[in-house]
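The two complexes that follow have subunit A in common; it is paired with subunit B in the first and with subunit C in the second.
The block that comes next holds the complex of A and B.
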């Protein structure tokens, strides 16, 4: 905006003066500025005419101060969210068997299981996010720009897909690739062997597949919205100038999709970090993510302090990423 | 040197024929305007040249080469559209360089050709700006520079001035005429619904209506001697009077009219085309009397609507000293050489 071709734009500060020309007449010493205002007038006038409503005193007919209205939502939020959150944080600082406030943190951070869970969580979330971005971008491109019958229906289905619970996808994958699933069943029927070849579902790769399958639509939704805003004339002009489809995707579509990719990608990253249902339902015993560790510590080992420490770490990562997303998103103009 | 040639080009869309057997040749270096109302097929014809629609029948040739089956990026065409369609995340210079990069022009040449194109459109000072920092007129200049940078043999302009306000439009019109003089080898297909743009800029005008080519000729031919009722009314908004051809002239509402041109078989029904500005006030040859139903003051002229035996006749007269009143009885007349006799069409103008 700073270098927009608006000669009058910088004169906005003088606007109140332009609205009251009689004052300028009464103060001859300011004649020079008055002329300056008159010159700046045409460019600045539109914003000037808006200011009186903006800065003028609002009509005081309400007797209840405005901030009172914020109390009910804040109270509800505090009761159901902030208070339990505070309890979790407090618990993480008060080990059950006594000791210093940071003892639980020290022991959790030292433990091998925590470090492994942290690593698994991060690489699974990052991997799933990259997978979702690539797959989502390609699928959204096809749905938005390749005319095929039923493209609208597919686009609508993606909205429905977003409402599915995450374990449903895992369940579906279990039916197909599980130890007693269709794929393995077909294999044992055909080959006569006792066991099928598909065991990846209980490995981290199975979790990755399930997460990519489930979270890809979360990337596609903002992408499809961005693509529908894209002026198709741009694509046509690009191709008339000699650009092949791959170049158009790379140089025209991708740059304009970046904010949507950033939005969808960071959403998926945060959701993957906190994903519990998918990991649980794949039955991958060796795949321990942070939420699984919280569950294990709290429910199976009854070690609430340790569980709360892991939870606090998980929350910190999520909130940190969300903050980063907001900063990046704002810069990208999303 | 490459012209454009349509050979029986038909385009269908969802079962409708949106372009019906178009035969048209744009000579190398010629500006051809495709003029018509919306839905007349003019934009479809342009899109067939660009390669965005595949004709159901016929061939499109560019520079004698059949391009009907060629994808758009292999046709080497410059294109400018109504809403500019600049790439918003690229600076002006990158927008202009886009085609050169896509066509893998030598790096050493690139900067020079971008500068040349920007110079030609008067946008050299804005090379580092982003499109959103430019006004509509400036954006359209960049769009033109981008199209010219690849040095196309054929330039397609799709309503390039329609998004600009009236004052800018006349300036850009002069600019386009100058560009054409500077690039005499480039064939230009100019789609517009604005007859002023077509009359000003085009070497020839192809008038389109309802998916068909109605008429084609130089602006003077179409204006002075239109061949169809549609051309007569769309270009110059002529009066169309149903007449019966007589031995010498024609009969209109029981009056004998004297005519110079376009004699047809006596007794046949025909349409007489008279331009509003060629009608004079007062007695004279071919006098038509009636009552005024509407008066519009247009600055330098008065537009009168006169009811003559149930026919509404438009007359543009140099500004009258005394504004005539509604219901006044007036007489209009026109010179025999100023009227054109057309074969009666289906539509009754």
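The block that comes next holds the complex of A and C.
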């Protein structure tokens, strides 16, 4: 087989073992020259019909460029996602009742409800992110480094928790901290007063509690993954040298956990900015976030231009932060 | 082991219980308890009943359950196809092309789902493609939202895939289509099913985009739960929520069984 002269390049694509049976079959009993011709044939002849399978396959991948295969999914995404988004941006610049391109923006930015919603959204997202980071770090620390029987089950539970929709938390909080719920009931039973002290559920604090509860597992998962790769010998050494647990956490564990914390935290920040279900189920009139405002303007008021303006602002904030998350995540290797 | 003294360990566990139980275990427990009750004024619920479930698996709620299941199934299959295709195509690109394709397919995660709903509503409420008021607009929005997750988990699995398998198959004379069908996809099957489970769970619980889009005759379970609780029927809503959680968990369990069988093959 080695005797076959091959046009450059193709030879590298051939694996000798695959060719032998083909040639034997093509030229049974013939001498070396016949084999020679049979092998040289496909290389010289334009017809591909005689090309054995093994030689055809690598050739084909080279004739169809790889980027061509990525066209169909990109085209689908462009049609159902990018084109609609472009329409939203376009509509935000062209108010239905005429006027200049920035009229809708000006009127939305002037409105009190938008400014309040923007402030509430940013404040809630930042607060929930900090809460999730602190809570997630403490819980993951105990699961990973002070293991107890059932710690595995707890991390399984966290995975299950992630697959539930967010609004279930608000629904549950209604029973726990609602005006006639568990906490207030316990309080009135114990203290004998007519009314319980918990009325925060329809305020932003209720949304904050629900968001911290729902999003903390999103921080715990990358943290637990990072902790499982941490060399426990480091901890033993630090501890045998007399370091107290607080010092070990600060000087050994925290530096290792920083990338995971950054990646998880920025993901949670983006998800909190976009959270809708929790706020909708709270049902409070005075808690409006940007996604709520989009829904209210579009569906309840049928003011699509204003909805598109708010949507563009919301996209700008969260896509910018998401880009940051990708950069941080890349650097952290998460 | 970070804490060596016994009291210190118990203190850590106590802190864990104090944080974990009321924040994470209690909410789910409360929803389940409420779904079996008729009254909750005071510390504990009263009036044990299974009536909430009787109505949760009948009439409109049953219709909402089938609506959700059909939507989630179609959306996750579509998302899996597009996401896997894009991930496989991205793996063949050069560094820069791969990165931009990945970023493009992750974009729906960054865009708020309410805005995705608004965009789909704006784009497909007018000719040439008029989908507003049909069930397909809901399925379409769900597909857009979950494709990113399918793409992400499949492309993470492709990176881990040993290229020696496909190289060996190709060297033995297998065409690219054959290598894809008989070598790559079977090797990717565990992550494909995991991605399918993830997409299904996300689509089952999707509320934001659905609220923007759902037509009256195609109301998925989360919307049904919202309308029930909005009317003040908290206990009926809890029962429907438990049905939603159970359906999601059952599907995830079934999917994970496929996965273990595939890994033993």
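In this text, the second predicted complex is superposed on the first by the 250 of 334 C-alpha atoms of A that agree within 3 Å, B and C clash if a C-alpha of one lies under 4 Å from a C-alpha of the other, contacts with A are read in each partner's own complex, and residues count from 1 in each chain.
FYI, a contact is a pair of C-beta atoms (placed from the backbone, for glycine too) under 8 Å apart; a residue touches a chain by one contact, two chains touch by 3 or more.
Since this is a predicted model, take the numbers as computed values, not measurements.
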Inset, instruction - Kindly say whether there is room for both subunit B and subunit C on subunit A in the superposition, answering fit or clash. - result: fit
Inset, instruction - State whether A:213 touches subunit B only (first), subunit C only (second), both chains, or neither. - result: second
Inset, instruction - Go through the superposed model and pick first if A:231 touches only subunit B, second if only subunit C, both, or neither. - result: first
Inset, instruction - Mind working out whether A:115 is in touch with subunit B, subunit C, both or neither, as first, second, both or neither? - result: neither
Inset, instruction - Classify the contacts of A:199 with the two partner chains as first (subunit B alone), second (subunit C alone), both, or neither. - result: neither
Inset, instruction - Check whether A:156 is in contact with subunit B, with subunit C, with both or with neither, and answer first, second, both or neither. - result: neither
Inset, instruction - Decide which partner touches more residues of subunit A, taking subunit B and subunit C as the two options. - result: C
Inset, instruction - Mind working out whether A:250 is in touch with subunit B, subunit C, both or neither, as first, second, both or neither? - result: neither
Inset, instruction - For A:240, select first, second, both or neither according to whether it touches subunit B, subunit C, the two together, or no partner. - result: first
Legend entry - Which superposed partner A:299 touches (first subunit B, second subunit C, both, neither): second
Inset, instruction - Pick out the closest CA atoms of subunit B and subunit C after fitting on chain A and give their distance in Å. - result: 6
Legend entry - Shared subunit A surface residues [contacts with subunit B and with subunit C]: 239
Inset, instruction - Within their complex, state which residues of subunit B touch subunit A. - result: 50-52, 71-79, 81, 83, 85-90, 98-99, 102-103, 129, 133-135, 143, 146-147, 150, 156
Inset, instruction - Could you please specify the touching residues of subunit C with respect to subunit A in the complex? - result: 1-4, 8-9, 12-13, 15-16, 19-20, 23-28, 30-31, 33-34, 40-45, 82-83, 85-86, 88-90, 92-93, 97, 101, 103-116, 118-124, 140, 143-144, 147, 170-176, 179, 198, 201-202, 204-208, 211-212, 222, 225-226, 229-230, 234, 237-238, 241, 244-245, 248-249, 252
Inset, instruction - Show which residues of subunit A lie in contact with subunit B when the two form their complex. - result: 3-5, 231, 233-234, 236-244, 247, 251-252, 255-256
Legend entry - Touching residues (chain side subunit A, partner subunit C) in the complex: 15, 17-18, 52-54, 56-58, 60-61, 66-67, 69-70, 72-74, 76-77, 80-81, 83-85, 87-88, 91, 135, 138-139, 141-143, 145-148, 154, 157-158, 160-161, 163-169, 171-176, 180-182, 185-186, 188-189, 212-213, 216-217, 232, 235, 239, 245, 248-249, 270, 273-274, 276-277, 280-281, 283, 290-291, 294-295, 298-299, 304, 307-308, 311, 314-315, 318-319, 321-323, 326
